[in-house]
């Protein structure tokens, strides 16, 4: 099984260890993982701002980079949502459609495709609040959102339950948006930051030492908010925990 | 000051009326655990600045709202409480999601056959002895209603809350006619007396504290400015409004549902003021948005079960009123208002917003709305549903609104008629960008980003061998000359190397082919 | 073109394409248990109303007797009790502004919500249900329907000029979410479970 590893641009730049953990974790399962060296971005900053024409060349580059693989895996629900639902600025050839359909977020790839039963190497003896990225939760269905009267499930929490020593604590508003919102965070900074303050305060009140998420972007925002108002939370991507990080 | 402890913090749970068994009630228009507001007072933040057709600066108004933390906190807590009550109510019904789907399909069917259902409604209403009018737009509506009032020599009009009449600017129009309009919903009355628009479709004064209301009532009704007891304020309003109701020449309501098969107008209210408006004066007028049609009475068995549960978490509003024909010796008029709706029906990506039943659930759940206040949107409809409806009225003025969202999708999930609100917000952004209704600066930034991100070499060069640019700003902010990230947040740490260079260093030596 | 023709023409032109059939609404299971009286009463209480179950052979109005005794003006629309304001003689709704207590019989009740239905026939003057300070409602336990869906299958809505479901009294929470009864309409609503035509005429 040839896997194309997509490392979103902010992971590349700010949390390279998340990319490394994703690569190593996939390799633990004996997969043939490739990192197409010319990759940049999924096009989301432009399309989310309405600028689809401006995203077209970036989307075409993404497809060109990832077309050869059986699966494309990325440690980001948000970017995968963009690829699967919104990579539409270029003509929808069979190749484009195929790339979109076989692009998976790491958690769902582990949960649904590999159906991983255990992570024997993983141990995380800490109280953890899980943060659902909104695109991961409501866009690619990582779990049941709190609004819906439907059976409960959570793919990331299923995976974390296989990690030794971990204790999950639940915030009072478990899937309220943290206010990152991509370019929203720079175009509407006051509301964005306030949402972040409220989010990290909620995690903290629930007793979390760590906030864990499948999306580095939300955590980068929350980390900046927590630091600004002095909430002593630590942040770690789920890929790192599943790959055996202990702190 | 009542019910306040020594710190000035109120014990609000003690203030609400209790049930027969002494337990707190799980219903009504808002929180059963009202939010306590601390003295000293804080000036009420006002809404967006309106400058003709110039784009609304929602972010600016939201920032002022956030600068009033007592108001903001109370606002957020109250609306979250409504969202929580909505969840409890929705989860109490096993078929909840099926009801939403049915409601959505009934609306789809009705809107797809709207001309037929409007004609059926009109014919039945006429047969019931009702005078039916058609208004092309808001101005037309106002002229028609004014004409009816003039014909009857009416000098005063009592009305219940109607977002449609807000949309038509009815009160503002009537101000110049010599006919007095009296809002009789408490929240709407507060807003009228304060010369402010409603900030929420269900709870119009939700952005105000009791102190704000006490100030408005003291100025306009002569109540004791020092007494901000909520019971005193509500009772003062009742006593003040009662004679106006009794002496009114005409009454007016909006419409939640219009039933084609019977010509009935249905209103869903809690205070009883719509029924006073419809049953006391000799002349009654009902303003109806044409999208309010549903085929049959039996369909209320779907919509009524959804509406108040979505809005307030109560199983039904205190009053669900069905006005079909005039009382003996009185006249009943119905005004069917288009005002852009038939046009919107033809917008492939946006017509389903016509399904909206104005429950406000999307506003209550919206994290941006709860932290901005409804008036920050500078439009009749605020919050998520406003973001997708407002641009249909004025694309330039409301061009900014679809960007006042994180597109988190919670709105879509609570919508009782399953409007894909957050997807329409996304779609509006595309339309607005294509039609150059977004700021040049923003579009320019995105063009630059697109050019860099589509060229690997340029991209790598832009972030530099040592990733120097990224030491300062998040990636997307690299293209953002506004540098707003650091205003409310700390910058992310800058790692020693990117994943890209790590990979080159650690993996490509071993496997040059990669 | 008139507004009417203009709107209709634009709808005909713009309406969503495709066959969008009207869905068949299934009969949903009642959300309430078999004891409809108890279910109705519990839900009415949660909506701020009061419920009274008279003891057989005793004063059916015992629960509101104190209120009736203290009332100056009582308007009764039921044979079970006579008031001192004859609704049949009321020329204008405004003439009911001084009513302290109004007594009416409900067409039916709804267990799912604790609602009662009135039409202009029961109210005689519609406004009495809003202008009175307090409302007392007689409801035959045999007239309690399971749910809202069942209610809307009744013919009353299509036949009555005015039909209204009351669920508890007038309520508002428009100021800081503090729940207050008697915003504009009645300050209290008490439902007395009382079969039709079995109670002797009592005096208020």
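Should a chain be cited, it is by its letter among A, B and C, assigned in written order, with residues numbered from 1 in that chain.
The rule we apply is simple: a residue touches a chain if its C-beta (ideal position, glycine included) is under 8 Å from a C-beta of that chain, and two chains touch if they have at least 3 such contacts.
Just so it is clear, the structure is predicted and the values come from calculations on it, not from any experiment.
Q: If we define chain centres by averaging CA atoms, which chain lands farthest from chain A? Would you check?
A: It is C.
Q: Chain with the smallest distance from its CA centroid to the overall CA centroid?
A: Measuring from the global C-alpha mean, the nearest chain centre belongs to B.
Q: Rounded to a whole Å, what is the gap between the Cα centroids of chain B and chain C?
A: It comes to 29 Å between the two C-alpha centres.
Q: Using the average of all C-alpha atoms in each chain as its centre, how far is it in Å between chain A and chain C?
A: Centre separation, chain A to chain C: 52 Å.
Q: Roughly how far is chain A from chain B, centre to centre by C-alpha average, rounded to an integer in Å?
A: Roughly 31 Å separates the two chain centres.
Q: Which positions in chain C touch two or more other chains at once?
A: Residues of chain C never touch two or more of the other chains.
Q: Give me the residues of chain A that touch two or more other chains.
A: Chain A, residues with two or more chain partners: not present.
Q: Quick one: which residues in chain B touch 2 or more of the other chains?
A: 93-94
Q: Using the touch rule from the top, collect the residues of chain B that touch chain A in their complex.
A: 58-59, 62-63, 66, 72, 76, 80, 87, 90-91, 93-94, 96-97, 365, 367-368, 371-372, 402-410, 412-414, 422, 426, 428-434, 438, 442-443, 446-447, 449-451, 453-456, 459, 463, 467, 470, 474-477, 479-480, 482, 484-485, 487-495, 497-500, 502-504, 507-508, 514
Q: Tell me, which parts of chain C touch chain B in their complex?
A: Per the touch definition, chain C meets chain B at residues 2-4, 6-8, 10-16, 18, 20-23, 25, 28-29, 31, 43, 45-51, 93-94, 97, 112-115, 120, 126-127, 129-131, 148-149, 151-153, 157-158, 160-186.
Q: Write out the stretch or stretches of chain A touching chain B in their complex.
A: Residues in contact with chain B: 7, 9-20, 23, 34-35, 37-41, 43, 45-58, 60-61, 86, 134-135, 137-139, 145-150, 173, 175-177, 179-198, 220-221, 223-225, 227-228.
Q: Can you name the residues of chain B that touch chain C in the complex?
A: Contacts found on chain B: 12, 15-17, 19-21, 25-35, 37, 74, 78, 81, 92-95, 102, 105-106, 108-109, 111-115, 118-119, 128, 134-136, 140, 184-187, 190, 203-206, 208-210, 213, 230-231, 233-235, 238, 241-242, 245-247, 261-262, 264, 270-273, 275-276, 278-280, 290, 295, 297-302, 304-305, 314-327, 336, 338, 342-343, 345-346, 351.
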